[in-house]
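The same chain A turns up in both complexes below, where it pairs with chain B and then with chain C.
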Partner chain A sequence: MTSSLRLRAGLVSIALLAAFLGIWHLATRSTGPVATMSPEYAKLMGLTATQGKSAMPGPLDVGAKLWEHLRRPFYDNGPNDKGLGIQLGYSIGRVGTGYLLAVLVAIPLGFLIGMSPLLSKALDPFIQVLKPISPLAWMPLALYTIKDSSISAIFVIFICSIWPMLLNTVFGVASVRKEWINVARTLEVGTVRRAFTVILPAAAPTILTGMRISIGIAWLVIVAAEMLVGGTGIGYFVWNEWNNLSITNVIIAILLIGIVGMLLDQILARFTRMVTYPE
Partner chain B sequence: MTDKFISIEAIAKRYPGAGGATTTVFENLWLSMARGEFACVIGHSGCGKTTVLNILAGLDAPSEGAVIVDGQAISGTSLDRAVIFQSHALLPWRTVLGNVTYAVSSKWRSWDRAKVKAHAQSFIDLVGLTGSEHKRPSELSGGMKQRVGIARALSIMPKIMLMDEPFSALDALTRGTLQDEVRRICLETGQTAFMISHDVDEAIYLADKIFLMTNGPGAVLAEVVENPLPRDRGRTDLHRHPLYYALRNHIIDFLVTRSKTFTAETPGHDPRNVPLVHIGKPGLTIATSGDEQRQTWIPGTSPGLTA
Partner chain C sequence: MSTFDNPFDSDRNLRAGCICGQHRSAAEHEQATALHCEPVESEEKRYEGVVASAVMRAMFPQDVARRAFLKSVGASTALAALSQFFPLKTATEVFAQAGTPEKKDLKVGFIPITCATPIIMAAPMGFYSRHGLNVEVVKTAGWAVIRDKTINKEYDAAHMLAPMPIAISLGLGANAIPFAVPAIENINGQGIVLAAKHKDKRDPKDWKGLKFAIPFDYSMHNYLLRYYLAEHGLDPDTDVQLRSVPPPEMVANLRADNIDGFLAPDNICQRAIYDGVGFMHLLSKEIWDGHPCCSFAASREFITSAPNSFAALTRAIVDATAYASKAENRKQIAEAIAPANYINAPVTVLEQVLTGTYADGLGGVKTDAKRVDFDPFPWQSFAVWMLTQMKRWGQIKGDVDYKAVAEQVYLATDTKKLMTEMGLSPPASAYKSFAVMGKTFDPAKPEDYVASFKIRKSS
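And then the complex of A and B:
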């Protein structure tokens, strides 16, 4: 029953994709009016003006270009022409670094705050004010103080991914069931052992959920951050190709951003499943 | 009450109430138990039974007074006092064996893995869970979960077992089986046990001594009822004993009416010398710290009712 449901859902997905590609193909195939112009002027204009071709690439154009990219993902022809693999690598590297730094700060800090009602209350106003700040708003401050655009991008990732992790860790640690704590207390389990054997496993699903939210936000923010700082990365690639008026490459980048974001989310979802316990 | 293995001395519990007032759950509560005794506390919700148990466990501190166990005033929790929680409180990410070994390795930190495992296994066998060691709590029925709770409590070989309505969440059939198990284990090991219950029959079956508490706030320990039934009593013929109904009626009368009116009707109640009720014996003996014995008559305990 479930397998047939899965099969049917898969078929519907394929049908929807085919319909989308078909409509896209038909919509971009139409030719517009062709202006008459001198051959010299025509050389300066694109195919849109001379042959009436749509400026929006069709699925076949995108597919061909994607195949080209996939065959040579790591070529490097200088600052403005690097393979997509290299660009994605830079982005994933920045997200990974900023995110790991955030994990290293948020989880121990969240543990401390969650275990101490005093700290929890004292730090709450700061967290409440800092949390809603758009991570990109930090960018000028980061550029001014750090004076390095690449590290500034990492800082922006750090600052945007820290809040969901911190808040979820605090919440997870503070809402560990009293009876489990009482079990540890009646067994005279020390604070450190209690933190690792009771509180950490009990709060792990909540913490991992926060980490999953964070990685999603970090991946959203890196594109915008790289558009600002420039140089390398998938966000810079999108902006560079827009300046080159290569809509095909922009569409390919959008597709890849989606796929990488999904993979990152799936990895964290798998970790979350590993630490989730049924009650 | 010469051998006071557990002695609760003049404890009180107060909470800050609305408008700066304090709510006193109970105060000046005295209670004692002998080694190897099975005691059961009965009273309505809100009389502070669970608070007394938590204080005895060290999970809660009394506002006043002290608790002495085996000659030592307690402070905080201890591996000498194991708790069986009402909600079983198993760690859901650990297996049955993992839950028991957690307790065992907490008590004997220097033991190696194999020794801890063997010790834990023997207690899993004792509660009849052989074969389910590697199951997680979510795969177990309510009764099996509580068996794990019992195995975990017993595995640390405590001086006292504290049970907070351990069977109230179970169906009647499972409850009966587990009561049999607990009674068997406590008799075999000479375990001192302190249990909270809502169930009169459970108390009669298990307890040597039944503590009756009046309604809170301002609850007092009204009486200590000695169980007149023989020590080798069985579940099936319990109700045939000539004193069974007198005992049961006495407790039920208390719960239905006297638990509300006791404080008003008994102005001279001395919380330090709580009356000790012997069902079926003429009159009532008041246990005192001194040698004098007072005789009082309490309805339901007269010989006429015991036939």
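And then the complex of A and C:
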């Protein structure tokens, strides 16, 4: 039953993909009107002008180019031209650093706030104001004060991934069942031990959900941040190819950004399943 | 004497035109005769030439006397005679070492446009390493970013629009930080491109209500476009829309019909033509032949903390600029700067920009060897002109000490010294008068110049 459902869903997915690629191919195959021009003029012009080739690349162009990139993902032609593997590595490194820093701050802080109703009430207005700020709005301020673009990018990741984690930790810690706490109190469990053996396991699924939301946001933001500061990373790659009006490479980058984002999300989803127990 | 002339040539004409008088220009003469010595390739020979030239100039400061001497004995004899009593070999070695750089590993930022040609080509073609530096040229996303990164000292020096160092030094759109310009990157090399649908709207008087893009507020592009529009009776602040758009996005915006045209740096102009979205309405040289566009800039702090590095960097840039100014090298340069590590553009586009034989987007092939040119000397009169335009369009309020700012930012004196040491012949004065669309600009009377414009921002 389930396996047949899976099979059918898979078939529908493949059919959808094929339909999408087919329509894409047909839509970009057509050639536009071409003005007549002298041969020496034509030699100086691009394919769009001379053959009426669509400015949008078709799936075959993208596929060929993707294969070219995948064959040598780690080449290094100097500071402004590196393979896709290296660029993705830089981006993942930045996201990882900013994200880990955010974890180190958000979870302990969230614990404290969640366990103390007073702090929770006192800090709430600040969190509410800071939370909806677009992380990129911090960029000029970060560049100005930190005076280093790569640390600024990490700071932006930090600031954008901290809020979902913090709020979820607070919520998770605050909404641990009263009965469990009361039982712990009856058994005269100390505060530290109570935090680690009762509250942490109970709040873990909520905390990890917050972490999962955060990693998604962090990955969204890094691309934009790298387009701004440049240098390295997949966002820079998009910008550099945009600069050359190479839509083919931009599409490849979009595809890869999606795949990496999905993988990051899946990893966190697995962690969440590991700490969730059916009651 | 022009900057890159050979002082050992006794026949070289000291006035404009050509040596023998049968051709209209020196370039034509050279093409016709084609017997002149090739540029010396080896590094040692180059320096020997440079040092010998400097000695020759020092011995005969007057052109006429040197000419007479060379006529009577011939260039090779003169060189041999010089080396008899002057230790050319030792001097060459000393010159080549010229102060060990305090900092060898430098980072220089650039924007991927052909204006940055000398900065970029100096890396793959070895001009930096020739001057004992290990320079990493870093592509940057936009003018504001390059400004911030240079102010933050992530870059030691950078490619900036010529008015930017002035604006930064004055604190316009940034904190006031003293910056300096030792060399101009390129002259000319920009253009007004209109969307293909405006083929029949060639008269600027019909441009009311159009939307134009410029790369940055503090750019020659902004001032030239405003000047051009105002000369045709349009007030750029009220009759048209001017938008600051990063160069790479200009072509896409033109295609998407968000803008009607732009005054942009090259390869962007040619790229719009290459992709069939626009046509070249006018080269910027038709507005002002010989206008500066981009500059090589560094903070005062870098210059004082690492003077030898800065000098070596300037020498490398001047060297590269001299190489780029020769038409026969342009094809090779186009190939060197086209890869993804540098400008990241099709080679044909760069070749059309640099060689000056280009498709105009209307079906014709045009040739203009001076479409873009390279001359490093930072004329202070350029800076004064930019200040007058900043004043004219309300970017500066109140009184301006034109001369003081120009002299503080545009390092004509230092560059002159450096160029003389390199055996080049910089101009004697840092001020020259020039004409923009037929109207003469006198750098001594900037206030009158500003007041002479009917269309300007009322302040």
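General observations
Simple rule for what comes next: the second predicted complex is superposed on the first by the 278 of 279 C-alpha atoms of A that agree within 3 Å, B and C clash if a C-alpha of one lies under 4 Å from a C-alpha of the other, contacts with A are read in each partner's own complex, and residues count from 1 in each chain.
Please note the rule applied: contacts are C-beta pairs under 8 Å (C-beta built on N, C-alpha and C of every residue); 3 or more make two chains touch, one makes a residue touch a chain.
Being a predicted model, the structure only gives us computed values, none of them experimental.
More residues of chain A lie in contact with C than with the other chain of the pair chain B and chain C.
Of the two partner chains placed around the shared chain by superposition, neither chain B nor chain C is touched by A:262. In the superposition on chain A, contact is made by A:201 with chain B only, not with chain C.
Contact with chain C, but none with chain B, is seen for A:40 once the two complexes are overlaid on the shared chain.
Of the two partner chains, chain C is the only one touched by A:78; chain B is not. Applying the stated contact rule after C-alpha superposition, one finds that A:227 touches chain C and leaves chain B untouched.
With both structures placed on the common chain, the touch criterion links A:188 to chain B but leaves chain C unconnected. In the superposed model, A:179 lies in contact with chain B only, and not with chain C.
When the two structures are aligned on the shared chain, A:147 is found in touch with chain C, with no touch to chain B. Contacts from chain C toward chain A in the complex involve residues 112, 123, 136-141, 145, 148-149, 152-154, 248-249, 251-252, 255, 271, 273-276, 339-342, 344-346, 348, 352, 357-359, 363-365. Put simply, chain A touches chain C in their complex at residues 35, 37-38, 40-41, 43-46, 48-49, 55, 77-81, 143-144, 147-149, 227-231, 236, 239-245. By the touch rule above, chain B contacts chain A in their complex via residues 57-59, 76-79, 81-83, 85, 87, 89, 91-93, 102-103, 106-107, 136-138, 156.
Against chain B, in their complex, chain A makes its touches with residues 177, 179-180, 182-183, 185-189, 197-198, 201-202, 275, 277-279.
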